[in-house]
Amino acid sequence: MVLTGKEIEEHNSRESCWVIVHGKAYDVTEFLPEHPGGPKIILKYAVRSISKRHVDWHTANGQLQGKDATEEFDPIHPPDTLDKYLDKSKHLGDVDMGTVKQEEKEADPEEQERQDRIARMPILEQCYNLMDFEAVAKNTMKKTAWAYYSSGADDEITMRENHSAFHKIWFRPRILVDVEKIDFSTTMLGTKCDIPFYVTATALGKLGNPEGEVVLTRAAKKHNVVQMIPTLASCSFDEIMDAAEGDQVQWMQLYVNKDRAITKKIVQHAESRGCKGLFITVDAPQLGRREKDMRSKFTDVGSSVQNGDSTDNSQGAARAISSFIDPALSWKDIPWFQSITKMPIILKGVQRVEDVIRAIEAGVQGVVLSNHGGRQLDFARSGVEVLAEVMPVLRERNWEDRIEIYIDGGVRRATDIIKALCLGAKGVGIGRPFLYSMSAYGQPGVDRAMQLLKDEMEMNMRLIGCSSVDQLNPTLVDTRGLSMHTTGVPSDTLGLSIYDPLVNPKEKAKL
Amino acid sequence: MVLTGKEIEEHNSRESCWVIVHGKAYDVTEFLPEHPGGPKIILKYAVRSISKRHVDWHTANGQLQGKDATEEFDPIHPPDTLDKYLDKSKHLGDVDMGTVKQEEKEADPEEQERQDRIARMPILEQCYNLMDFEAVAKNTMKKTAWAYYSSGADDEITMRENHSAFHKIWFRPRILVDVEKIDFSTTMLGTKCDIPFYVTATALGKLGNPEGEVVLTRAAKKHNVVQMIPTLASCSFDEIMDAAEGDQVQWMQLYVNKDRAITKKIVQHAESRGCKGLFITVDAPQLGRREKDMRSKFTDVGSSVQNGDSTDNSQGAARAISSFIDPALSWKDIPWFQSITKMPIILKGVQRVEDVIRAIEAGVQGVVLSNHGGRQLDFARSGVEVLAEVMPVLRERNWEDRIEIYIDGGVRRATDIIKALCLGAKGVGIGRPFLYSMSAYGQPGVDRAMQLLKDEMEMNMRLIGCSSVDQLNPTLVDTRGLSMHTTGVPSDTLGLSIYDPLVNPKEKAKL
Amino acid sequence: MVLTGKEIEEHNSRESCWVIVHGKAYDVTEFLPEHPGGPKIILKYAVRSISKRHVDWHTANGQLQGKDATEEFDPIHPPDTLDKYLDKSKHLGDVDMGTVKQEEKEADPEEQERQDRIARMPILEQCYNLMDFEAVAKNTMKKTAWAYYSSGADDEITMRENHSAFHKIWFRPRILVDVEKIDFSTTMLGTKCDIPFYVTATALGKLGNPEGEVVLTRAAKKHNVVQMIPTLASCSFDEIMDAAEGDQVQWMQLYVNKDRAITKKIVQHAESRGCKGLFITVDAPQLGRREKDMRSKFTDVGSSVQNGDSTDNSQGAARAISSFIDPALSWKDIPWFQSITKMPIILKGVQRVEDVIRAIEAGVQGVVLSNHGGRQLDFARSGVEVLAEVMPVLRERNWEDRIEIYIDGGVRRATDIIKALCLGAKGVGIGRPFLYSMSAYGQPGVDRAMQLLKDEMEMNMRLIGCSSVDQLNPTLVDTRGLSMHTTGVPSDTLGLSIYDPLVNPKEKAKL
Amino acid sequence: MVLTGKEIEEHNSRESCWVIVHGKAYDVTEFLPEHPGGPKIILKYAVRSISKRHVDWHTANGQLQGKDATEEFDPIHPPDTLDKYLDKSKHLGDVDMGTVKQEEKEADPEEQERQDRIARMPILEQCYNLMDFEAVAKNTMKKTAWAYYSSGADDEITMRENHSAFHKIWFRPRILVDVEKIDFSTTMLGTKCDIPFYVTATALGKLGNPEGEVVLTRAAKKHNVVQMIPTLASCSFDEIMDAAEGDQVQWMQLYVNKDRAITKKIVQHAESRGCKGLFITVDAPQLGRREKDMRSKFTDVGSSVQNGDSTDNSQGAARAISSFIDPALSWKDIPWFQSITKMPIILKGVQRVEDVIRAIEAGVQGVVLSNHGGRQLDFARSGVEVLAEVMPVLRERNWEDRIEIYIDGGVRRATDIIKALCLGAKGVGIGRPFLYSMSAYGQPGVDRAMQLLKDEMEMNMRLIGCSSVDQLNPTLVDTRGLSMHTTGVPSDTLGLSIYDPLVNPKEKAKL
């Protein structure tokens, strides 16, 4: 039986709510209260007379499509979502899309300007470094997508500190070393990699590119680096695994579900699919408040206040999609993880030396010193600063080889990678830069971004006087400035913008 | 007997001076020399031919109203002022206001622009943090009211340092702690509070909202936090006490009057009304020079110079209303306070460890490490920096539990509160942000500001890995940057604005 | 015999050169090669067909006046100059000024704009601090005069550091001290002063005010502070002494002449006139290069290059008038000074602790820790920083009372004065702020500037918890930031202005 | 036989490629694959239908000249290049240039604006310091030439740090020293110099001036300073040697060729011509990525992408011309150099104390602490900072006289030179400032730049209280700020430009 638009329109209330996704209808009435993003966003797609002004994160990213929710559904739900979470009985079957009234999109001057900017994008070869991709992405991405990717917690001070922390570390290069042949390959969790970075997990790849995370998979293959698959991917886990080729290695990033049975299923599925590392996120018992993300939804505001929906609007994308995460996760859970998988376990988001020691004692294989890209706790220190705190303590105990230590956050240059390795990291994770290069230029963008890092890496290994990564050591860096939190502190943007500066006396007005 | 405008107009000189307030006439001739704000401001309202150009702080805030002084009187005098300070014999009785010539207000383009800005105010839900309220308040408050609230001493460097000092403190969060249930309630001076802040005392609430401080009382009740009642409130003390509901706890902030009999009366009245803490201000033997406040009066200047009134103009609001404060207050007075009240006594404005020790020895129950919001001595250090100096000394003596230590100044984020508690504070005072949220949005504004702090608090307690405030401790913060006064020093606004920078050679002029 | 313009015009060459000053003619032919400012500037006033484009520092300050050199002569030559330096035989007598062709001044749009700004000057009462006077002076002074007063050496980094150094010192105020009565008077070299600053020596007062330094004399009297008389005053030494009233105390600043007989004459004359202190400048064996001053002469440039005069133009005012200073002055000269005068001798411009010790050993009565207002050696440290280096060393030797220590440079606030006194200075010198207040508002300006300092002083003594200057001590300040030269370093204006910042890729051009 | 344009046009492919340089034709077919700048740039000049849009570094610097490659050839190839590298059999002989079709240059608005700026250049006497020349050069040089000279590695942070490092060093001047006679001459590698700087090697002088490096030779002679001749000069080595006069001393900077026979030939030729020092560059196993240089080629982009040439475009000038440099050069090569020459050997580009010690042990005569003007490894420390690390270690070993230590990078003021000498340098190298002064004003520019340094030197030696360079010592400087890498860190231009700052809520739109 093929359903018609008219039939579906009749189910447009909390009492009976049908929606269309990818040409199929679903009865989500019972699911409404459980939807992590709240019931209202679903109801919107079930109600004909949608207020154009009621824009929230699900919709600001696109144009309203009548009852067809597909365009908004896709970037934030892996394709297997409906199969997984909605009972088969609620799958109502195909819709004759010719009978679905397509709302005409209103001309959007902001979108028109964006399209103009896209038409005048710099060519890919004009991007000489990873920052350049970000500049292009900022100009060409949809505003809400940009806001989701680029935002950080609170004043975004940790987010910016992540990069500027590298600027407090200077080099003490060696000279007159034979650097004709440079080999900057390394091994991470037993996997040989061409260059000591991996693609770290970042959520919602389809906000930047319609293909989503598989674009990164293909680029990682090309450059022989590891990709870490995010729990909150736009693509399904299996799609991303399927996109890998040959012996390409992938890891899994895990938000631990309150329901451990689900967690167990996910972990064991990953292992069975050949995942080579389990990175358990430990810095996000609750996903952070990212005000830029929240604010991006308010470009067109009005009715929401009148109809009492205001509080719902202040939920960012991150929080909407993360209600399943277990805030009770604790050290006591580690043995259980060790019992359900043979994958190496790595704690992602460790932020002080005491916890690195505890991780070693707990027998995990690695830690990522990370603050979640500055998206969780503002004023958390940068990974590289924590690294400089951690390694001397481990060396004192002769524990430096008992665990693999990674950092992520703020890596933009090969010199950043080299600094981390000099200080003792096994490798670094890079996230946003690949999202930006993907968003701006698709896979060729990611490819060039990785190639630029390789070019920089070769150059800078030569210039620091090391022909392989095992030669990198702490005497090659000067970290005296690293612990100073007085300066190099990213500016207090909000605070400065509201400060009303003192002025000198004003002249009298001209007559 | 009802007086007429004509009768009152005849008493418009120093020899005989009558004024109208709230429809009643008063003979203030003998009071003129004692008026803390100076005699001239009163005379202005008694003299018909007022120069529109003679604008000072009393009047810039509104339009001249002929002889009716009500509009200017209200924000800066509690309603019981005339009853308290003017002998009943000088209360002349009701005025037939129909006989009082109302001067027509001139159109004021600046006020018109302000009204336009008010019409386009962001909706309340667009405020995501405490700074946002300040931004809205700056745009929508009357200029002189904004200047009074927002100004600080001298170059406003301490005022700004108060907030930026928190930016020198970074976190060392714990991970893998069960933070499902978060309880950030605490106890201050024996009172259970939902969150470790209190509404600290700030003067002249009616400059921001016609209802004044009672708005804060109601919001404090809603969020179960303590309000400290200011001596210089626009509402009377009893009005603010009366606005409290149920077992709501309030404290009293005290400027000590030169006349100790008055002081005793005030203190004992407060205690009898149920006040639960006496906060004696010790950082203000004289109220500070706040140049932004002073300058705000000079938008329209002229006649004042010709008629010799110039020096009077340079008195800010603060100094005009504070001449009663006793600059001779000293440690010797503490036992006397202890003799007249059973309320806990807290010294507000302590600024170095030596004086904290002395306070403990003097047997007071608490201190507030404070620099009066940067409104008194410029280059006084921030409360949080003094806290970091104080606690190690107390701990060395095992004295850390002999006194409750509070800080105020610059608190804008829950992370600021958490930092203070990690370092040993029992709680923090917050002042201006609630004035700004009240000025911009009334009680809903204050309510939302408090709710945002609670939301941030829950989030950040989780992210730092603590489920209750007693778990907060010094190992969770990195304060290495805190003592560095070289940077993070707020900029020298005036100095920079007058510096004439060096330039390179100029091109010849185009022909 | 009265000379005519025609007669004088005939003597317009190096072979015979006559000039008119104040209605009298002088034959300066033989003096030409000795003129500290070079012969050309004199010849210009002797030559009829003056190129309007040949503007140098002598003339840029005014309009060319035909052969009458008076207007340019006055600000930079004390009135007794011609009597002192030109043999009576060269004084040719009165000129019939009616016969002197007055060149018509061309309309100068820049000067017209300046006059407009003067007409719209803020009223004096709008100046609330010393920076405000500088802002007004910058807007209303002649450009070359402003350049002479405001310029510093090289990149003007020391000049700016002088003030910003105070911003690295923070207070540790005492509370609960009886500060009802505040006495901030002190004694300097035996003289009782109302407030611990003196008016330090600054050159060429008539550039800012036609009356010159006597304006400062009168203001110093009014506020009972000491004035230091500059060697390079526009007024003559005796004029300035004569302007003093009653028991008003003045000191003398001395540039030591290569001809010690002249030096001796000057010193003994000063002593005989009642001067109470001899401040020998020791930081200026050669007067500094001040590029802003040099550059200010080039607004209208042309012929100078063609006629080979270019190098002469690059001499600033300072160097032109200082060729008599002896660069060979050394420690060996101190006993000689002690032999010719009983005035206390103070070395002005000491810059490190080793030289303070040597000064004590040499038996002088005082030192001024100074870098000459940042006008001599760029990257010399601020006086207050040197003070913080000096005092602990002296205290260790118990030498702190063997000498009086002053500082100057950058003092703008009473808090600056208090900081210096806390660290051990006896007093501070203030220079430019009084020049600026004099230039902008004449004597009332200087008067108000001094009164503002007194107002700030009273306030801040109270707020720091001291009722007299002898209570000021090092525990009241926190100087941990003072030695950090990494930040708070004034910006590298020239360097930053020429840096061509990296940019992200450009969009394609719009079609 | 004289060739015609028509004949040459027929050889316009990879199979047969002829080009015209200086009126002579050459067959470069076989040389194409070996051309360090790539074959394409040559082919362009052999192909008639040149795409105007295919602009790369060879051509952006000028207008396309049909098949005549002279204008583009000259700045980057010494005149003896074709003789040296192209077999005589490929020299085809003279061309009748009347038969060569001259392409008409299109009007270039950017070039027209530049010519306008040149017409309005400040006169030379308006340049008061070395930064001023840079400002003029930036305005008047061709954009690509400016980009080549002014660019640095990566974020150009080291490039800027070089100068700002000097700003972290402050003076502790002596007073009362006889400084009438100042002698700042010194000796470097046995050569008496008027002032302790030398003209360091910089590449491609003809980009700034058609005469190239000989301009610097003549200026060096005039001021009696040493010139270091660059390997990558636009003039031939012999031309530069020939330009020297009398006993003028020159040194040689050497990039070591992979073919040691060539290296040996070059070195021994230099020695035979009278070179007095061999400066072996050790910080450039590969020439750096300079993104400003790369980006400057993309002002007019298009066809390059379509025809697959894109990667070639991303090679900067530096890398194109440096493929011969041997990245395998190592400490093992030093004895060989010592065996082939008696010239003193100096390692240029040493960057840490360990390598200075090793250099001493290897028996070389000197080191230059240098990071190659910030053009190689970003975050390499400044030479002056390394100097402050090196000298205390050498002094501890009493090794400070076993080697001559030089620094280069960022020297702009005589105070910079004095700081370096105080810390123990024998002299400093200055590069870009002389290129800029040459580019802007030719030899008079270089002459004035050197004279300004001498003027500043005389002044500042006096002001620091030293009459000769041997009196300069570490007690005269305060270097406490030097090691702080937190601030004074040049800003992260790219990072800051892409940061999307947080904003406060927006007002509603005006209706």
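When the chains are written out, they are named A, B, C and D in that same order, and each has its own residue count from 1.
In this text, a contact is a pair of C-beta atoms (placed from the backbone, for glycine too) under 8 Å apart; a residue touches a chain by one contact, two chains touch by 3 or more.
To keep track of the chains, here are their UniProt names: A, B, C, D = L-lactate dehydrogenase (cytochrome).
Bear in mind the structure is a predicted one, so any value in this text is a computation, not a measurement.
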Ask   = When chain C meets its copy chain D, do both sides use mostly the same residue numbers (more than half shared) or mostly different ones?
value = different
Identity of the chain that, by mean CA position, is farthest from chain C = A
Request  = List the centre-to-centre spacing of chain A and chain C in whole Å, with centres computed as mean CA coordinates.
outcome  = 60
Request  = Provide the C-alpha centroid distance between chain B and chain C, rounded to the nearest whole angstrom.
outcome  = 43
Key: Residue numbers of chain A (touch at least two other chains)   = 126, 128, 131-132, 135, 155, 291, 295, 298, 484, 486-487, 494, 497-498, 504-506
Remark   = Touching chain A in the complex, chain B uses residues 123-126, 128-129, 131-132, 134-135, 138, 146, 150, 155-156, 160, 163-164, 167-180, 291-292, 295, 298, 412-413, 415, 419, 455-456, 458-460, 462-464, 475, 478, 480-482, 484, 486-488, 493-494, 497-498
Key: Contacting residues of chain B [partner chain C, same complex]   = 154-155, 157, 282-286, 288-289, 291, 294-295, 298, 301, 304-305, 310-311, 313-314, 326-331, 333-334, 347, 349-352, 354-355, 376-381, 483-487, 489, 492, 494-495, 497-506
